[in-house]
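Common to both upcoming complexes is chain A, partnered first by chain B, then by chain C.
Showing the complex of A and B:
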């Protein structure tokens, strides 16, 4: 009953990536960009494999991942919690709504200098920034999902004897799960972008910092390595989330 | 069993205009009776059912169950909705077990009871399927089993077969009657199908629209157990159907809004 992933789909999925790599190689081969500034993909991937086995590079990845996961998980907890609470209670909603309206469109990265001063150069400031940016898509989609739960699902549960206060956990939360996970997916992509951005702006370690350091010293190859790494991390994390999603939503119609 | 005493329901449709959905409805339903509420769409028949279910509070008047005023939903009144309203995240077994588990029945016992009910509604072998994998008729069978599982004293059926094709509908009507004839639960059954109401009920409550009022109550004095094939040939059955249809036709011709 579950849609199967066909080999042709995989093939179609990899084709655009192959095209990008070919274009990249082409730019170098046909002399549009000098090799010293735009190294060909072969050299970059070779360097990546070299780097991946070194403990210094692994530590950079770990630092980035800690911040990414830390911020993302905080965003999930608060986003889902506040979203459900706002959908359940008009009083909470009337408090949350204006705050969301003011803060959601704000470029959170503008808070980063303040966060650095308040929380220091370590993980805390970056985790907070990631959380602040990933929070809103998760919060908004949770609120949307929780406030559009079919009334008759709630009635059915109440008639079966579920007390009103338990409806939130027994019906609203599971029924809103498809929207919540869509929000999480967007939040995860944003987390990948923001953690890298924060590390590029001010950091002493992490993949973003590796890139900036390489750029300042004109190490073109080393500049592309963290870029590829964060893309691959994003791909892997998205795959993991997709697995969680298809498990949690196994009963729901096509998502 | 159920007493509806001068219930009216007003819905605010916009800031200035109110819509009178139900006007001064009084009705009593005896224990063990199968009562249909029949009327055109928009006559408030579902609203009346929701009031008995405790899902909607009437604007005025009261509804009572066994002498106690209805203030909210409870497991003594089990709804079955046209939209099925099954929990999509639970399997067939999980859906049916939900009620007994909420009632504090031990998991082992709840599962045994639920499996028996699933077999009774003809879905043995589908216990681990999810609702999305079932047809409309099967979903409604699961919904019926889920409601029967917590032993409500009254079944509140809100156009339960309205979303099904004619063939499935007929089969479910037959199966519902078979199940009902075994334990004679009180049933309030909302429908807009005259045949369905006459075939199933002891009593048909005819409603008119705008505002929703009780037009007439018809006692269906047909022997039980009823068999569809016999009934369709029975002149008494045919007369009930034709008489009721005529009364609705007269209504329509009486003028706009009638």
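Showing the complex of A and C:
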């Protein structure tokens, strides 16, 4: 059962956001921060709305989204695949486990120069970086979910005459679904962060590039706009994933 | 596990390292690309970097910033997360704000923070602090929420004050989860450290890496990748040691790094 959201909670929750905005406005209007360094929130959000309707800014968003989804989907396919395989087969497990132990704590951003040199400055290198970063959370939670499936469920299915490979789709995958989706959620947040960073390092388009261009010309207002955009994108995507989650997990007790 | 099995388990990550390096070697020999040196060439360039005094000072400065940012973040985030887990009001107060901040790439704040604080240590440490604190808050929160209510009640019945209950019951009970958060934070600290130095090109490991890329010293690029990667793996392994010792009492955990979930 999901705890009901009380109206007082909503009030309490909006308070700090309102406070931050008020503090921001206050810092500017009382002259603690010069407008060139910290533009007031009204101007920033006005600029955001004004930018959102221009086609150039929309193209930047589309470029970012292509990379984000490309990398994220590759990570989901490989992460779920390898995770399930490692949980199902001891042989694959003994190969995958040490490799994951070495690669998971490796800061993937450091690989970006290598990817640039190998794959060029276009979509490919950025998508690969996003995929590499989002892969491990998804892989690990899939593995965790699939290897903690109750053995009794599998035995019952086998006793009922389910063929071995159907057990995978009918028992293991659904039972591991909550864990897989948790991994996907973390992977998605990481994808948002990484795609932005990759675009900041080298790019000719995308939201990260907008930020860098603004920073080089000291346009403080334009620096806030892409940051707020990526934050909003993250929130929207998170909401979408939540919807997918509640659809896929209908019938599950409290998730 | 038998003696032999334990030995194999310990050797496996080393074997995996060697295997990956061999794969790299073969790939670079096959591709014959000027900008993709072989693994042997890259490893040969490592001593040159570590022997260079200036580079060493840079790398140590990076590690110092990382340690400070990580330490302060843990010190602030753990109490906040625990409070959020125990009090509905505190949770309702902070949760939406944290949800809005979570998907913002912290290193992307670097250009803005640089405008205010300059390119020095403070700006970079602040960015690392921001990057580390969110996962630690989140995991402490989850850990504190899952503490068994009965234990807290027993503590209350025995006359512990609210603050004492938090420190003596909730914190130890949530410790495994908190440490998982710290481990994620450690990896994120390293990532944020590299990216912040790459954006504020002035000093540090990230600076060496991307300067080498700009100047086309590909051996150095790949050698730095090896160094940074080794830093990540060593820090993670060291942390895992500490963690295993601190939460020996808790159920045996997964030995794969589940740090991200």
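Heads up, the rule we're going with is that the second predicted complex is superposed on the first by the 240 of 255 C-alpha atoms of A that agree within 3 Å, B and C clash if a C-alpha of one lies under 4 Å from a C-alpha of the other, contacts with A are read in each partner's own complex, and residues count from 1 in each chain.
The definition used in the following text is that contacts are C-beta pairs under 8 Å (C-beta built on N, C-alpha and C of every residue); 3 or more make two chains touch, one makes a residue touch a chain.
As the structure is a computational prediction, the values presented were derived from the model and not from experiment.
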item	value
Contacts of A:161 with chain B and chain C, given as first, second, both or neither	first
Chain A residues touched by each partner, larger count belonging to chain B or chain C	C
Partner chain in contact with A:150 - chain B first, chain C second, else both or neither	first
Touching partner for A:235 - first (chain B), second (chain C), both, neither	second
Touched partner set for A:136, first chain B, second chain C, both or neither	second
Which of chain B and chain C A:177 touches, first, second, both or neither	first
Touching partner for A:252 - first (chain B), second (chain C), both, neither	first
Touched partner set for A:54, first chain B, second chain C, both or neither	neither
Touching both chain C and chain B, counted on chain A across the two superposed complexes	none
Contacting residues of chain A [partner chain C, same complex]	6, 8-10, 12-17, 20, 33, 37-38, 94, 97-111, 113-114, 116-118, 136-137, 140-141, 143-144, 179, 182-183, 186, 189-190, 192-194, 196-197, 200-201, 208, 211-212, 214-215, 218, 220, 223-224, 227, 230-231, 233-235, 237-238
Chain C residues within the chain A interface of the complex	12-13, 15-17, 19-20, 31, 33, 35-36, 88-89, 92-97, 99-109, 111-112, 114-116, 187, 190-191, 194-195, 198-199, 209-210, 212-213, 218, 221-222, 224-225, 228-229, 232-233, 235-236, 254, 256-261
Chain A to chain B touching residues, read off their complex	1, 150, 152-153, 155-162, 171, 174-175, 177, 248-253
Sites on chain B touched by chain A in the complex	53, 55, 72-75, 77-79, 81, 83, 85, 87-91, 98-99, 102-103, 130-133, 146-147, 150, 152
